[in-house]
Structure formats: structure tokens, C-alpha cells
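Here it is, the structure, as C-alpha cells.
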Amino acid sequence: MDMNTKALKKNAFRVTKQRGVTASRIRVPGGHLEAKYLSVLQEIAEKYGNGTVHITSRQGFEIPGILFENMPYVNELLQPIIQGLNINQKTPGQGYPAAGTRNVTACIGNRVCPYACYDTTAFAQRIEKVIFPNDLHFKIALTGCPNDCAKVRMHDFGIMGMTEPQYDKDRCINCEACVKACKKKSVNVLKTVNYKVERYPDRCIGCGECVLACPTGAWTRGEKKLYRLTIMGRTGKKNPRLGEDFVKWIDEAGIIKIILNTYDYVTQHIDPAAPGGKEHIGYIIDRTGFEEFRKWALRDVQLPKMAEVSTPIYWQGVKY
Amino acid sequence: MKNEYRPFLSEIKEVIKHTDIEYTFRMAYDGEVKPGQFFEVSIPKFGEAPISVSGMGNNSVDLTIRRVGKVTNEVFENFVGDALFLRGPYGNGFDVNDYTNKELVVIAGGTGLSPVRGVVDYFSYHPEELKAMTLIAGFKTPKDILFMEDFGRWMKNMEVILTVDCSEDDAFCHIGLVTEYIPKLKLQDVDRAVAVVVGPPAMMRFSTQGLLAAGFREENIWISYERKMCCGLGKCGHCKIDDTYICLDGPVFNFVKGRKLID
Amino acid sequence: MGYLLTKEGVNAVLKEWAESYLIYAPVRMSGKGAFSETDSIRYAPITTVEEIEFEKKSDFPFKEVLIPLSETLFFFTEDQVTEADGPKKNAIILLRSCDLHSVKRLDEIYIKNEYEDYYYKRIRDNVKFVLMGCKNAFENCFCVDMQTNRIETYDASLEKKGDFYEMDNRFADWETVLERNGMSRRVVVPSYVTETNVHVSIPQGLSLDVSRSKIWDEYDSRCINCGRCNFVCPTCTCFSMQDIFYTDNGKIGERRRVAASCMVDGYTDVAGGGAYRQKNGQRMRFRVLHKVYDFKKRFGFHMCTGCGRCDDVCPEYISFSDCINKLGIAVKEVGGHNEE
């Protein structure tokens, strides 16, 4: 049997243990989809697969047990999902045009969760729109608040929702619900002074616990959507590590620009001899030095006034 | 319209130190006032605290203040040769007419002696208005005793039982809780005897139980409540129990009403 | 006299009113809800009718105009006590029937109950009320059972009728401005609710004895004593006093009062560390009985007006109306009796 495995992988299929048998990988940006697409997955699994579906660690689906010869039929059946999830595509009916840049994951976000500072799925979809298709190995995740349920610090780019608390002292009655919530559930940056509350903005992580705790609406959320951008967390063999803070109080436009700039940086600096043309960005930065990365990443980025850029960054993690 | 919240400045005429943390401030005041009523005492920028009247003189009221909080701390720190802000008096206070020509028993615990001191003092000067009087005053330790200088005078005109919860060998007073002395009261006619009980909640509960067990009639017992009184004007709500505002309808209650007040 | 007005007509009326009044109405504040991308409906000064939120119940009550959450009473300098100024302007408050009924409750505490409250009175004397009709009850409303669904003692009314507005006027001084800006005269009866989804029944034979009932126990753990139910209640009046000195200059400061909640820790604290009603269930009992029992015993009518905001706001889904309906069980449990 002759099969171009490079082409197969780029089409979001997998080379499996079993010769001649593949698995179809379905990306779901932001991890949220209309339930009607589940019956499409079921149909593919039952018609061409082995009747099972795996929910992937990156919030996609993987349908195993598909014969190589059935890939074109699977691609045809996938078309409504690809279209329905608004995935950029080159030729309709031919499946996914790339697989290098991974599905953008997200926690449930503010469509459901009271803690989330924004609609994580919608933002994930907007990121997907500008970065896909792409062969480079990028992992991006979004989480609604500093609880980081989406574990974004294990990604190349981690986006964490923040809210800049707004305080109306005339509505504050000094019940101290916010002070207690901040102390017990967050980072203890609120203090009672003269029966009113003072916040240390430098140490505030923008989790919004004060807003949630306030019974009189004295604390409210800031109008601007702001985020913490963490970078270069990773799993893997050599040096798994948590992402470090890059920019605190950054906006959406800034995040997208930094990610796009990073694609240019990687294109420029990737090891041409990397196995399978795949090298984690973090290792490239380890090689070029952080400063070179920062230069590329922040090129033409307009940051909000209050944004704080961390530089230089040192990563920890386990080294083997 | 009168702004009831506006305090007036009152000169401190004298400070009588009872213990390290309990002083009586003799304040200039020439209005009408009854024992058991209270004033809101304040130091601007630090706050107000309700303090009961512990004595009345010519153009003065005594306010016995215990240093237990922010305001009272400040009062202690800054009183010297100065004045305090007051508003009041508030509340009903004790009516000595309720006790005339009867056998009166006053049971006081700790600072509870302050609100009732005026009653005791009145009858110490007018013993003929009572058939008999007993004062049972309890304190934690000898160091906590209030109005020490008064006890000698009171003893001349009434039976005084001064007791402390614990002590290292002090001969001048008894040891034990005030409640122990209730069954030992020698009364001519318990059916008509009257009693006043003021002190911490547990002490009041056990003392009133003791009085009832000793044969006192409910309607012959009076108690005074200490509650958080921020305004003294029936507005702030903190002292309300059931439909009763302690600051307006109390703090002194006949036990028939008082026993029904469940916080 | 009743009038039919265009939107422009109403705005012309508001404009003329604005010369002598600040006009407070429920407005939708975008993004000001506790959760992200949710709104909060609160009272704020308005200038046009478009700003008024007619469709939803306000999250926070109008009472904030009469008894601000935080109100300065005095300023202190080294040796002087200066009274804080009152509002510069008179006020008009747009509110629903239940809320206008609650003004009577506020008055009872702040103007009657032995002393007149100087700060309340100086605002209250200069407030006019404009009734917003209710076509339907909202979730959790039980105004009909509390007999607060209708009211006649408004100064004017304002209600949307299709593309137009109806106003009824009862304040003689406003007749000419309405006459001038109305399209036509007509008989206007503000809409009122006659049926609610939620019903309450306050049992006979209530007394403080029900504090012994087991019905309160579940609230010990369910309630988180945040006080939201008090702060959104249009009839809750409690406050605490606070004195402060300005940190940059310890010589001057102020005395203010801020809203207080009988559900929140510290409400009963007395000097030296004593406190009453430590359990949340007993705080609940205190609040519930005040609203539907002991206030009436003192003042002759129930405090609760059935607006349902306490139910709307409770993050733990504790329903006040549900609790009222458990009182019957409590009375039976402790052996009800009629007080003399």
C-alpha cells in the first residue's frame, strides 16, 4: 500500500498502530459546539470507524478505526462540521487543510461560569480564524479567570481573563465581604482604611472575587476586556514547564498581534532540520534567547496603557 | 428641625479611676436625667459609644466607661483636662417610684453596677423611702471592683454583699457568684419585694431564675439590657428585639416584658 | 388629570422638571452586573425617558435616594462640628406601586418612631414620586398578597402605551407643563398587577415562640450571611455609624452612617465582645419576623411589600416567600398562641 503520511497528517488524520487504519481528528475551537454535530460524528464513527469516539485532551474528537481508503468519504461527511464551526478551509469536501497548529482550547467561559471574565469560546474562535490553517506547532489555550481551569500555563500561549475592579466608595458600607473573599480565595490585595477599601493594583490579579462578593454593587467590572498572557508553558520530554507571565492587563488586539508575530519569529528561527519540521517554540526561544523573541513578538503591538510587560523571563520546570 | 445626631461638647469635670480600664467621667450636664438612661459619648473621628448614666449630681452626670473598644480607648487616651461630645440622654431609665416602701434587692454584675448605681445612691440618701435594701454586687476579681469608695457609705444604710468570682485571700469581700446569695436573702415579704438585675447576659439569666425560685413575682423584677445602640433614636435597628427598640422602650424593662425579649 | 404624550412630549416634561428636580429612575447599567457581560438595573439620575428601564424590576431599590448607602452626617475640624450639606436639588423618584408603599415604611421608622431623623426628613420633604405602572408581575413578586399592588398616593404616573406614553398628574404645580406637552387629555389609570405567580400566607398566632422552631435550622448552613437580601430590600432601614479621620491630615474627619444588615456579622456586637444571634438561621428568623410580624405589631401594618428582590438576589436561592409560607408549620410546631 502506498500512502503519503505527510499529506495524511496534514489532512488531520493519524498514522496508527494498525497498518492501513487511521483516525480522523476533529478540531473544535473553544471546545463548544452545537449538539447537532454530534450525530455527524456518530455517523462517521459507525459507518467508517469502529463505532467509538475519543474526546481528545485538546477538546476535539478523534474517530479511530477508519480505513485509509475511506478518508475521502469521511472528509465529505466532515464538511458540515468544518463549515458549521467556521474553520478556514481551502477546498470544501476535502477535510482539514492543516494540523500543525493545534485546536485552540478554552474553559466553559462566561456563557456559563460566574467567575469567567469573558466568552472564552468566542475569543478562541476568533484566534482560530486568524491562525489556521498553519503547519507550525502552536498550542494556545484560553481560560476565563485566574483559576485557570483550562491549564493555560501548560501552553505556548495562555490567555487568562482579568477584570480591573472598579470601586464606588459611595456604595461601600464596609461589610468587608470583598476583603475576606480576596484574602481567603485570592491574593489578599484589599485592605480596609477608614471604613473603605483600598486595593493594591500592582498585586491585584483581576480575578473579580471582590465584584462577586460585593452585596451592594460597590465593586463592578471594568469596561475593557483585559487579560494576562502567559507564554511558553509546555509538556514534553526534555523540559516540561509552566508558562510565565508575559503581559498583564493586555487586550485582545495585542494578544492576536503577538501570536501572529510569533509565527513570523518561528518561521525565521525554526531549526530547518527539526524532525518532521516540528519544533516547540519554547525550545527555539531557549536557543535564540528571550530578547530576540521579545523583539519579534512585540513588533507593532499597541498595548493598553496599564499593560505590564515582564522582561526578561526565566522559565523553570523539570530538566532531563 | 432639631438634628438629634448633633452632639454637644461637655466639659469633663472630674475623672474617678476605679480600675485600670474603668473610669468614671463626671460630665457637665444640667438637663433632666434618670439612672439607667444612656448617652452617646463620642470623640469625633473615632466614633460614638452608648454609655449609661452611673450617677447624677448638680449640673453633672457620671458616665462610667470601660475601655473595651476603639472609642473608649480614645476616651481614655485623650481625656485629660478636656471635654467629650455627648448626645442624649436616651432610653427610659429606672423609676425609683417603682420601689418605694418596698424591700429592694439590687443584683449587679461587673459594669452592670453603673446603670443601677444611681438607684443605689438615691436610696442610700433616702433610706426612709424603702422598707429594706440589699445590694449584691459581683465582680470577677478584687481588681475589677467599681465604685469602691461608695461601698463604705452604702453599707451604712443597706445590706451590701460584695463578692468576687475568685480571689487570692481578700478578707473584705465574699467569694462566689452573685446567684449564690439569692437563696440566702432575708426578706419579710417576698411576695411584695422588688428586685433589679443588671449585668452580663448569663448572670442576668441565672439571677432572675434565682429570684423567681426564691419566690419573687415576675412583675416585681426589673432588668436593664445592654445592646448595640448606634443611634439611640429608634432608627439604626441594631438594638431591636421583636417589636421593641431597647433604646426607646428600654433599656430598663419590667421582667414580665423583659423575659419575652428573645434576641 | 390624565394625558397621552409622545416620547418627545414626555422628554419635554422631564426637561422642565429637571430645572427644579433631579429625576431618579431605574436605568440599565451595561456590564455592571456581578457576572461579566451582565447588566445591573439601578437608580440613577436621568434626563430622557429612553434611559428609563420599564421592562425589568430594578436590582437595587429607590431607597438609596432617600437613605444613601453611605451618608456623611458631620464634618469635624479640630474643634468644630459642621453638618454635611443635604442635596442641592429636589428629587423626583420613578418607582412601582410596591416601592411607593415602602416609602410609608421608611417614613414610619425615620419620621415617626419617637424621633424625626433630620437627614432623612430634609431629603424626604423635597421628593415627589412618579408611579410606574406594572402590567405583569415579575418573577418572585407577591405584591397582591401584601396588598401593595395598587396605590393612589402618587404625584404623577408614567407608563408606556405602545409608541406613546400615558401620564396621570395629581400635583397641581405640574398641571401646566403636562397640559402644554400632552397630545390629549384622557382618563389614565396606571396599570397594576392582579395576579402573581408567588403567593404567601402569613399565619395567625405568630409570636417570638417560633424562634424555637426547627424551620430555621436549614438556613444555618444554607445562608452565607452576605446581606444582599437587606441591601436590595426597599424597606430595610438599618445603618451603622462610622467616624473617620482623613489619613493625610489626622486633624479633620467626618462622621457618616452606612447601610447595615442584620444578616451580616457584627450587627449585634456590643462593647467587650458580646454578640447575639450567631446562627444564620436565627438571623433569618429575625429578618423574616420583622418583615411580616413584629413591625406590624409596633406600627400597624406589615413591613414587607412583596417586591421579591430578596428572592431575586439571593446567591444561595433562599426564598423569603417560601420561608413566610413555612411560618404556619413553625406556629403549629411550637404551639401557636394569640398574644394579648
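First chain written, first letter: the chains are A, B and C, and each begins at residue 1.
Here is the rule we use: contacts are C-beta pairs under 8 Å (C-beta built on N, C-alpha and C of every residue); 3 or more make two chains touch, one makes a residue touch a chain.
Keep in mind that what you see is a predicted model, and the values were worked out from it rather than measured.
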Chain contact graph, described as a line, ring, star, complete graph or other shape: line
Please state whether A-C or B-C has more C-beta contact pairs across its interface. B-C
Chain A and chain B: spacing of chain centres that average the CA atoms, whole Å: 68
Averaging C-alpha coordinates per chain, one finds the centres of chain A and chain C separated by a number of Å equal to 45
Interchain centroid distance [CA atoms averaged], chain B/chain C, Å: 38
Would you mind listing the residues of chain C that make contact with two or more other chains? 240, 242, 244-245, 260
Flagged in chain B as touching 2+ other chains are none
Chain A: positions in contact with at least two other chains: none
Would you tell me which residues of chain C are touching chain B in their complex? 73-74, 76, 81, 83, 109-110, 113-119, 121-122, 208, 211, 237-245, 250, 252-255, 257, 260, 262, 267-274, 276-277, 282, 286, 289-290, 294-295, 297-298
Tell me, which parts of chain C touch chain A in their complex? 31-32, 34-37, 40, 42, 59-60, 68-70, 226-228, 231, 240, 242, 244-247, 258-261, 264
If we count contacts the way the header does, which residues on chain A are in touch with chain C in the complex? 110, 114, 116-119, 161, 163, 169-175, 177, 193-195, 208, 211-218, 220-221, 223
Mind pulling up the chain B residues that touch chain C in the complex? 1-7, 42-49, 66, 68-69, 71-72, 85, 200-201, 226-228, 230-231, 233-238, 240, 242-243, 245, 248, 260, 262-263
